[in-house]
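Following this line, the structures themselves.
Look for chain A in each of the two complexes below; its partner is chain B in the first and chain C in the second.
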Partner chain A sequence: MIESRSFAERLFDIINVMLIGTLSLVFIYPLYYCLMASFSEPANVLSNIGLYWRPLGFSLDGYKVVFNNPNIINGYINTTINLVIGTSFCMLMTTIGAYALSRRNLYFKRIITFFVVFTMYFGGGLIPTYLVVKGVGLYNSRWALILPSAISTWNLIVLKTGFQRVPLSLNESAVIDGANDFTILFRIMIPVSKATIAVITLFYAVSYWNSWFAASIYLRERKLYPLQLVLREILISNTVANTSGVIDANMSESSLMGELIRYCSIIVSTVPILCIYPFVQKYFVKGIMMGSIKG
Partner chain B sequence: MNKDIESVINKKLLINTSPRHGRSNMSGGRKWTVIKKDLHSNKYVYLMLVPVLIFYVVFRYVPMFGVVMAFQDYKPALGIFKSEWVGLENIIGFLTGPYAWRVVRNTLLINIYQLIFAFPCPIVFALLLNELNSRIYKKVVQTISYMPHFISLVVVCGLIRIFTQTNGTINAIASVFRVDFGNLLSRASYFRTIYVVSGIWQSIGWGSIIYIATLSSVDPNLHEAAAIDGAGRFRRIWNITLPALIPIITVQLIMQLGRIMSEGYEKVILLYNPSIYETADIISSYVYRYGLEGMNYSVGTAIGLFNSIINIIILILANQTARKISEESLW
Partner chain C sequence: MKKMIKVLSFTLALALLFSACSAENKVDDPNAGTADQVADNTKTATTSPTGEGTTVTYPFEGETVTLTYWTSLHPNAASYISSYAENEAWQKVMKDTNVNIEFEHPAAGQEKTTLSLLISSGDMPDIIQYGSFSSTYSGGMEAAINEGVIVDLTKYLPDYAPDYWPLVKNNILFQTPDGRYAAFYKVIDPEKADSNWRKMVTRKDFLTEAGIKGPDTLAELEAYFQWVIDNKKDVVPFTLPIASSSCWPLLTGIFDVIDNWYVDLDGKVQWGRAAGENYLEYLTTMRKWYEKGYISKDWTTMVEADYKAAYASGKIAMILGSGADLRTLAASAGFEAQTLPYIKRDENSMYHADIITSPNQGDSTVITTSCKNVEVAVKFLNYAYTKEGYMTYNYGVEGLSWNYDAKGNPVYTDHMLKPEEFGTENANYIYRIHFAPKYLIADRLSHPSLLSDPESLEFKAQWDNDPKVDSVLRLPVGVQLTSDESAKRSSIMTDISTYAMEMQARYINGEIPLSTYESEYLATIKSMKFEEAREITQAAYDRYMANASKK
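For the complex of A and B:
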């Protein structure tokens, strides 16, 4: 009896390990495919039907075109600028909002908290928001990507909860020493809540890196396009003139490179985040745990 | 001096000057004094709230009032105050029109498929990972499984296009079995499968984080005691592990239901094309295409409002049901 039980269990263990191993390969393979294809010869890429295990003929042509494409370089620059300015601005707004709402003796605290939290459950919708952003004069401006999404109420609540957990004694001693609220916030609350702040900063940063939709509805000038929007043109709308960034006299040349350029663009835009995420994943995991504990 | 410090501390820390104490019983004069005191002692806090509140008013509440456009025949030239009032005409026009059934059906179906197929996957994945014996293997797999989550949606949809095209990988594999699917993204009947399966690929690892964390907080003594009593692994999973997960599963389920009407439009917009509108077009993508791009602002707003209201109703219903059945709920 005992033997058959442990046999079944051992079988389960083996199958489990194999199943999970296969799943892991499935997670990796699509990007591996792109990586292999991106280093291949253009002609081979176009004619190949099937899976990639290694590059088909080694060639850096794809990357040469991608790195020379002004749209992609511009996209990178724009995304980086938006990310830095945007994340800083978001963190500033979120932090002061969270601090304010974490104060215990605010007279209007309840009503303001309700005012803020209500927006998580109901909103104007796509079109009214779009018209408001236009009406405020942000159309075709970088700030249309930053201002309307300055505060994520969810993040604000998580941070507010974090601030509320700071021991009162720290507050008290600061007050005795004559500190005002700004001093308390910047000298005590933020340093003590470093972990939470790091997590929320990362959340904002990743969302700026991946964002494309706001840019697609608010921006008209190509030179303002962030990276993901450029990628969308290359990968999805498939506009040939954009894949090479140059108006080619020879159209067949562009379509030859088109396929290869897609693979190279994917690699070029994903590698930065892939290099960073293993190191910061523990912050994200913590962030999810924090968010799930109702604030 | 002592009295000063005391009063400052008292003000800041709520002792005996709590504005909540019998606030509603106070006479008008007393209340006003309390408010004035609060504004003074918390002046920097209120200063901090000013930009935050401006943000919420301008970018969250003004659009909420813009919802009245749903009941008008909005013309940009006339603006919101002068456009003609048409009441329920916009929404009734939509609901009786040719596309209403299609988009509502698609929205509901895609979400139901997600609930049935995609929602359990992170849970099962977490359970399987939990049964692994090697810590290192588990850690490595977890890190790998997070990767698809960090890939941007645009790239994921680009990958989908690459793999589903006529000469793509899926057809290459299928040709081994003498099957040819053609360009999968142009066949309406495949769309929901592609959408859900790619969603699982992207979110199974990330979604399992919260379940794995819950599982690791299960008391190992329970498992030991059960093992001594002769419970095999599967019995232990059924009687110990799963019950530990039920609260968090309930909360996640409610949150998922609350997102039904609003989720996924970015992915749909990136993946769809006119030949598959029949199964791919959902309410939000229709609002985007017809209302925003097509500049039918009033009707678009009306449909969006319709969407939000249904969203709230589903969320409330889900929460009430959860409260009745178990002790877990969102509020």
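For the complex of A and C:
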């Protein structure tokens, strides 16, 4: 059946689409800019002031420098490992924590929740955290990147609220059928809150993908360095001034490339995430209570 | 209710129990090791510790001691090696001294944070090599010694560093303000040092087209600027560097003003930007240049990267900066760079330079109190000042990277000059030890990049022997302030410097007429207690002169 829509509704639609369309362009353009700049000639990148619509002189120089660095493959591998282990570990901890805090009959619920939320606003600072991590023996190991930041309080609270919205009747019917808490958590709560879980997983995954600071202070061995740290080093080494003024084959790794390398490293680190996002997106669009009996 | 109390007390008890089982606190007693070590080390010292005349033999006898050495891995080397343990020269040094060095490298760019964390955690490496140590640790080296973080080297140097000690004995440049020795530094003989790297750099093709030979005087420079305006559309002749640049003396020097503290020909201490008439002349000329369009209209908003980029893309004809760096920049952009000599006021004037080569070239290296073998560490660091040691540090492995020629001078082999996988700029950090506390041999004699390319050597050394350059105005290197004086002076001068740079911009841009120079500018500076600062410096200078005449 074709609904006839009033003029006002159609006008609203048009304005809506225009506004959101403009906003989307504004959001996407910087990424497009980086993409175009990364394929340009180094000299043009430096001297250009203005918007890009296409690469200024096609060249793969920037990517060559980035991928020629022997540490880059290592960086990708490390980041992937950290991401997989880290995200699964984080999700496990967060779901268990959120489930526990969402139960009404938890002893000391108020106090525990207060302490948990308190950490969201106040922290010990860099040095106490460093001393704790070091004292526990995590220095120079992969777990220093995973364990200390295993639970993000914000995500925990979001998930806890999500669990609290699940109707109690689902819970009770499970208990009647003889389920214990673990079964309820893994068989009922998680499948029902798929959307929230997906969002939080994505948050954790992206934060692991982007992390470099924890690695820089806790890791000593260079072969454990994650991708972002390697990219950062590439960037720094290409902006270091050439002290001897010698013109030879290796001199191009100097000031001119600095800007270009910046754009190439942005693309190199963003593209994998961009590729994964569409697969997760369907969970955001559907509602929270998909696939369960309501009432 | 009763149940609640029971549960509560049980939880509390558990918590108390767990807090009692805390990890053992390892508090390092800084003096613990030394008593034993003295006994151990008598086999390595050849004569009794009485000051001069002691010698240390290398390699050390006995077991190989392991020392942890914290330093940053230069980005040029980081692409090829993962630690200096793979650097050939370091390997040779380790073998020659019979000391095993474990390198710890922080992530690039994070040196300061990582160092602060290391120090606060108490578990420090034995040796820390970090040039900015005294500015990272609050209170500087003095505070670091007083707070038990680093070892006071004063009593160790005469006995265990017989090659380093004579270089720094009684030299305040290597001491902390209260006269103690806290670190090993890179030492150079000022007579044999490199020339100044700050230059005015322009394009060779422009100069050839204009038919000008390296403008020498102010008038010639202005003629060159005018030529650029007349003949090159869309090219700005010149721009001024950022406020914090160290290249300002290149400009102020034309008018007999050094952009810093200096002493004028009457023996009176002056500060460049308050130097009465001469500074006014400088401002007037800059204002004239700005009006005529010689100076870019955007000069106040450009940062270094901007004007370097503009130079590379041909939009600005001349900038101030590092000659070597701009040469490679120009080459990648496709033209040849050309440096200018120091500009003099007119044909008969001298240019008074401010170049001071201090024998102390930085790279401060300290021994921390976590080190259990302080004598071994001191002796190890001393190796870099022995003849054998400094040849390895500066040139690399003998026989592999270099050999002595017939006249007894070191000559690089192809291994160093033509390495296959990486250029000489990188080999510099992989085959020899560039940044380290050592007896330094100037770059023009030891940097493989320069020596592999005679053109760049020539480029760097051009204008070095200009007879019309002298340094009569600069403050002698030995003029030193006490830490109180220094603190007082810097608290006055910080505000004055900021004001001076701001006013410079406003005068040059024409916002304020130069007629207010005396009434507003000088008067304000005076009211900011400038005379006090000048008196402090004058007193230090007089002190130095009195001492110098006594010797």
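The rule is simple: the second predicted complex is superposed on the first by the 173 of 295 C-alpha atoms of A that agree within 3 Å, B and C clash if a C-alpha of one lies under 4 Å from a C-alpha of the other, contacts with A are read in each partner's own complex, and residues count from 1 in each chain.
Everything below uses one rule, namely that a residue touches a chain if its C-beta (ideal position, glycine included) is under 8 Å from a C-beta of that chain, and two chains touch if they have at least 3 such contacts.
Bear in mind that the values here come from a model prediction, so they are computed numbers and not experimental data.
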Touching partner for A:Ser207 - first (chain B), second (chain C), both, neither: neither
Partner chain in contact with A:Phe182 - chain B first, chain C second, else both or neither: first
Which of chain B and chain C A:Arg220 touches, first, second, both or neither: second
Partner chain(s) touched by A:Ser141 [first = chain B, second = chain C, both, neither]: neither
More chain A residues in contact [chain B versus chain C]: B
Touching partner for A:Thr80 - first (chain B), second (chain C), both, neither: neither
Chain B versus chain C as contact partner of A:Pro42, first or second or both or neither: second
Partner chain(s) touched by A:Ser152 [first = chain B, second = chain C, both, neither]: neither
Which of chain B and chain C A:Pro70 touches, first, second, both or neither: second
Contacts of A:Leu131 with chain B and chain C, given as first, second, both or neither: both
Chain B/chain C common contact set on chain A: 107, 126-127, 130-131, 136, 217, 229, 232, 234, 236
Of chain C, residues touching chain A in the complex: 7, 23, 75-76, 78-80, 82-83, 104-110, 113-114, 116-117, 120-121, 123, 305, 308-310, 312-313, 315, 322-325, 327-329, 331-334, 422-426, 428, 443, 447, 449-450, 452-453, 455-456, 459-460
Complex contact set, residues of chain B against chain A: 5, 8-9, 11-14, 17-19, 34-35, 38-39, 41-42, 44-46, 48-49, 51-53, 55-56, 58-67, 69, 125, 128-129, 131-133, 137, 140-141, 143-148, 150-155, 157-159, 161-163, 167, 169, 171-173, 201, 205, 209-210, 213, 232-233, 248, 251, 266, 269-270, 284, 287-288, 291-292, 297, 300-301, 304-305, 307-308, 312, 315, 330
Touching residues (chain side chain A, partner chain C) in the complex: 42-43, 46-47, 69-71, 107, 126-127, 130-131, 134-136, 215-217, 219-220, 222-223, 225, 229, 232-234, 236-237, 240-252, 254-256, 258-259
Complex contact set, residues of chain A against chain B: 5, 8-9, 12-13, 16-17, 19-21, 23-24, 26-28, 30-31, 33-34, 49-51, 93, 96-97, 99-100, 103-108, 112, 115-116, 119, 121-133, 136, 147-148, 150-151, 168, 171-172, 175-176, 180-182, 185, 206, 209-210, 212-213, 217, 228-229, 231-232, 234-236, 262-263, 266, 269-270, 273-274, 277-278, 281, 284-285, 288-289, 292, 294
